[in-house]
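Here come two complexes built around chain A, the first alongside chain B, the second alongside chain C.
Presenting the complex of A and B:
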């Protein structure tokens, strides 16, 4: 019984939240890593693409809700997501046409593209605030919990409770689906193979008749779809606030670099590594240890929670020192 | 030539001292950043007072006020210093209504305000550290220090019979100052603090913090953070995982958004924030509504008072020079004298010009204690029935 209690406490506070957060980071990191692999620059505007896309999804959600549409226990935002992705893709393709294409044609250094993306980031930042404002917005409807703490306790009779939210399950399921679809697309489809070829060697790909502009468009659309999905899931799980999407850029970059920039598998692994290291290393084991029969007056906390970001960056530095291309052999930074 | 220059310089000097002028007043707020949602109401509060004084035409023989707004970001001390530097050196402001958050206020005061001799009155920086800072008389605040709020909060918690709490604070000068003053006072009065853990604002995920707080335990969770930032992230996490159900909420957390967001989940939670009751408060709320904004928004009234105090002090000193009028701020703020409420700034300017003493009460019952901060009345609130209820004042 006590072992079960320990396990439930650990799942409730560490495993479930970290897995959901890790999945959101992984989706974001996938987008960053795709842009890096194919367009060859770190897209700083990615966080704000998430924010802008999510803002569009919220607007569509409101529209659908006004029409009286409901998905029962699932949030309406899922229905709005494809429309939001389409709208946001149009916008992102517009920025490519207006900004990045110019530098790409000139074959500018990656750092120039990075700086251009910082400019795009500020513009999207402002646009998002103009469109939807600075306030925190909750747009999750439907059921909030699959299992609440009280229900769980009543069912199992354990002293520890376990909560499982609909948004957490949705996040994990959709992330798994998105990864499966993306890997299948990259490995099996003609367009996916063309993208990989373009990523490996631009000139050779050109010689074999691959249209570079088409690859670029496809990359932007896929990256935007991933970003808006990540942003919407994150917004459903926590809440939407334009400022938070700017802040989440840092862990997303950490995740994609740890995994190996340009390597999609690495991005997924990196997302979970960053999330679990943030939550697990700073977890006080007092309660869990108590259930396992080890009583302690101290909190049995390895590091205080202030250091949670330090943990993911220490991992980042160690990885870069010993494997500069990341855990999954991406491109060196 | 030299004489001519000197003479014209002297003329300008005299003109500046006596005749009507256009006085630029700085407003330094975090218009972007973690508190961007409450900044607009603060800005409007300050501008309302400036407009009232301008329109009256009674300040220093008909001087007018031009507000100059700067975005200090609230979290980035370097950005705040740069913004305030611009106000002082490029715009030549005669006083600054700001800063907004404690950390950036300390930085901009030490690096710009004091060296350049510009008066700064903050509506919302509440860190105890600002009480002991060497401000050379240039800094005041219409918000009370958190040293006092910590004591008030400890009393309220103990009166509810809660003997052990976990504390989380937003990782900045405000949060740390408030958490420390609460923890010290609570322990002295016999309570137990199981853990004091910081959380950072604007972060993606608060699972780690909630996990730590839950593992340490306690009958209630004190959240010294911001309602539209990490504070509500922590509450959300704690509610979802069933870690805590009672929250103690100080000023940064007490507002209606929290009530709308969590509704009846905050049934047993309570808190307090500095807020005046009575005539001044109601008058300001009415003025604000007429001006098209919400006067009950946090620190909006404090901003009105901060701006009004600087302008009244100018009138009392017969000069818009901050080095001169800084000595008059305490005088116009405190008794004795005729009480001045919001909307009565024209009357106050007349009285001062006629040599009558005034006692500025304003929107927030201003009564300055040394070293130039509001003594502070706290409003005790709870969240029964899914809304913010005021229980009493202390």
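Presenting the complex of A and C:
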């Protein structure tokens, strides 16, 4: 029985990675849920918005690196992030003007908007492939670790090590800041209140003199900013590969549905629920169990990592079956 | 009245014009050799064969979308399940695989499925307070039993001659028999998803099918005992003769010579023509059945439900039930197409099951062709498939033209390198333009 080592192993392999991944999913799910709340459709292009935005950030990062700019221990990508967000927002606003506005004015069925978002997804996917290719790209520079395994072992004298990567800490800090800013904006500012009013009841909001086009533009910009931030953090944490961003769409949808589509608080909670379940189910528990005095021949892994998407799917199905409006009562089904 | 007649007349012309355009494109591909076309009948027929299979997939998607307005974002998964049909039915049996763990795997799968059924029953029958603990207990016990049965059996099967087999093997039955099996597998999965996700908001079905699609592809990639996973399963038997046998047959060589062709080219063309005939027959039978169904009272009911669910359910139609029915039928057709596809390739390679290519491209085919119209979906599928294949050649050619004034160097080579990806952009644009300016497609529904 060695509780301390078990706890360290648990933090190193489950809690810290899941928290970082959960934060990235939460940022992505916030974007999906905001678009759902205001524009009332599930945006299939969200994953590729993340990929496209991250590709832009990488290009700007390379440009800055070529100029010899460095942020010391922090990755240069942080400096490139606002520029990437601005560029990607311009593109997304362009898609709204060229594609979605027409269907919004016509008050088309949501499924038509979903279909249109598939078209946008194709275009953004192609653009991403065109500007940056399909290969895996690592673009993190600066320090890799805040705490390395050796340092931790030397400090504590435990047999089990713990590594804390800069990208993981950055992810958590930036996500906390982004959520704080977003909730403050939604609850306090005039524009944020207008957005919530529009989400609750479109017609009443129109009657009170809220300009719908302004609300929609604002929503796209915020959702894009969140998506590009999420994509960049995900890329810093793991690596950039365009196809992974399409695959992350499913956990993001699961997170926003678990929390209740259209409910920002729910999206954040949903992101962490999905991430923790995914990591917990695919982690081989043999080591932790060993420290707790349970010896096992098997890996004690419930599902192999290749099936991590099955976890999102099961969570999605359970929520759809038992509580279709999500844990935090989002929009009705 | 005259209006409707007018609409009928134009739409009939439109189908003919699209058909003629496709015929011209294929003739050009087969006969002219220049920057745009290959001038090889072998290439033209290869595109046509995959186009016919795409047309079957498009028919399936059109049933779900065109008849019922259901968005299936997991086409690739149902296709992959269909591909499993030929593997399990028609490949040669693997020596010793069944003895290694066949019955145990079957038992494990039965236990796994039984657990789900039992869990559903527990949820229905158990009293209020006991529901959740009983459900969790059932699932945990079932899962442990399943893994206890499943893992050793799979290890044993995969260890059996793992270099060249390592899978459970098939029954060695004729490959045509496996097509309906592929359809049945896809239908089974569709039943499961449909049971859960139908009857909720329309987006939810899209998201749930997106999920099941990714999971089925993950299963195909990782479960090596089933179809060798990413090691690829080759050697799926053919319903038509092999090129090599034809080339060694003096009678065939003489006939080819009479046509002025060498044996290699002629055998390729003959095999592809046989495939085209086979796929064409399947496609025509499916269209016939689909058209008959659409013109029957059942078809009128489906369209009534699609156009106004509230009114239809007020008339006493079971909307969710009908949706489930059409979702299963459509998925079965997609599964059939999957079985046909691996029969054509002679190979299952799960690494290639890409949702953009096998889900969303099929969607572009249906929307472009004309959702709700079977002929439209079929013609759209063949046309879009042709353009998709040729765009891989045309994209770089166009890029060369555009970048010609640029100096040699980084940007130019980057753009040229990325040019084959331009077809994604092109397909997205086509989808958006058709959706916006001709939402009923090239061949609209009557």
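Everything that follows uses one rule, which is that the second predicted complex is superposed on the first by the 318 of 333 C-alpha atoms of A that agree within 3 Å, B and C clash if a C-alpha of one lies under 4 Å from a C-alpha of the other, contacts with A are read in each partner's own complex, and residues count from 1 in each chain.
Here is the rule we go by: a contact is a pair of C-beta atoms (placed from the backbone, for glycine too) under 8 Å apart; a residue touches a chain by one contact, two chains touch by 3 or more.
Everything numeric here is computed off the predicted structure, so don't read it as measured data.
In this superposed model built on chain A, chain B and chain C take up the same space, so to speak, and clash. Legend: residue contacts after superposition of the two complexes on their common chain; A:284 is shown touching chain B, with no touch to chain C.
By the touch criterion defined above, A:41 reaches chain C but does not reach chain B. By the touch criterion defined above, A:131 reaches chain C but does not reach chain B.
Applying the stated contact rule after C-alpha superposition, one finds that A:116 touches chain C and leaves chain B untouched.
When both complexes are overlaid on chain A, the residue A:59 reaches neither chain B nor chain C.
By the touch criterion defined above, A:102 reaches chain C but does not reach chain B. In the superposed model, A:306 makes contact with both chain B and chain C. In the superposition on chain A, A:158 makes contact with neither chain B nor chain C. Contact with neither chain B nor chain C is seen for A:146 once the two complexes are overlaid on the shared chain. Superposed model on chain A: among 131-139, 203-211, 239-247 or 437-445, the stretch of chain C in collision with chain B is 239-247, the rest showing no clash.
Judged by the document's definition of touching, chain A residues 134, 246-247, 304, 306, 309 lie at the interface with chain B and also at the interface with chain C. Per the touch definition, chain B reaches chain A in the complex via residues 32-34, 36-37, 171, 195, 197-200, 202-205, 207-212, 214-217, 228, 232-233, 236-237, 240-243, 257, 261. Contact residues on chain A toward chain B in their complex (touch as defined above): 9, 12-14, 17-18, 21, 24-25, 134-136, 138, 145, 148-150, 161, 163, 165, 234, 238-239, 241, 243-244, 246-248, 251, 275, 278-279, 282-288, 299, 301, 304-306, 308-309.
Remark: chain C residues 69, 71, 73, 143, 151, 196-197, 200-204, 206-208, 210-212, 214-215, 218-219, 221-222, 355-356, 360, 363-364, 367, 415, 417-419, 421-429, 431-432, 435-436 touch chain A in the complex. Against chain C, the residues of chain A that register as touching in their complex are 41-42, 44, 98-99, 102, 109-112, 114-116, 118-127, 129-131, 133-134, 246-247, 249-250, 253-254, 257, 298, 302, 304, 306-307, 309-310, 312-313, 316-317, 320-321, 324, 333.
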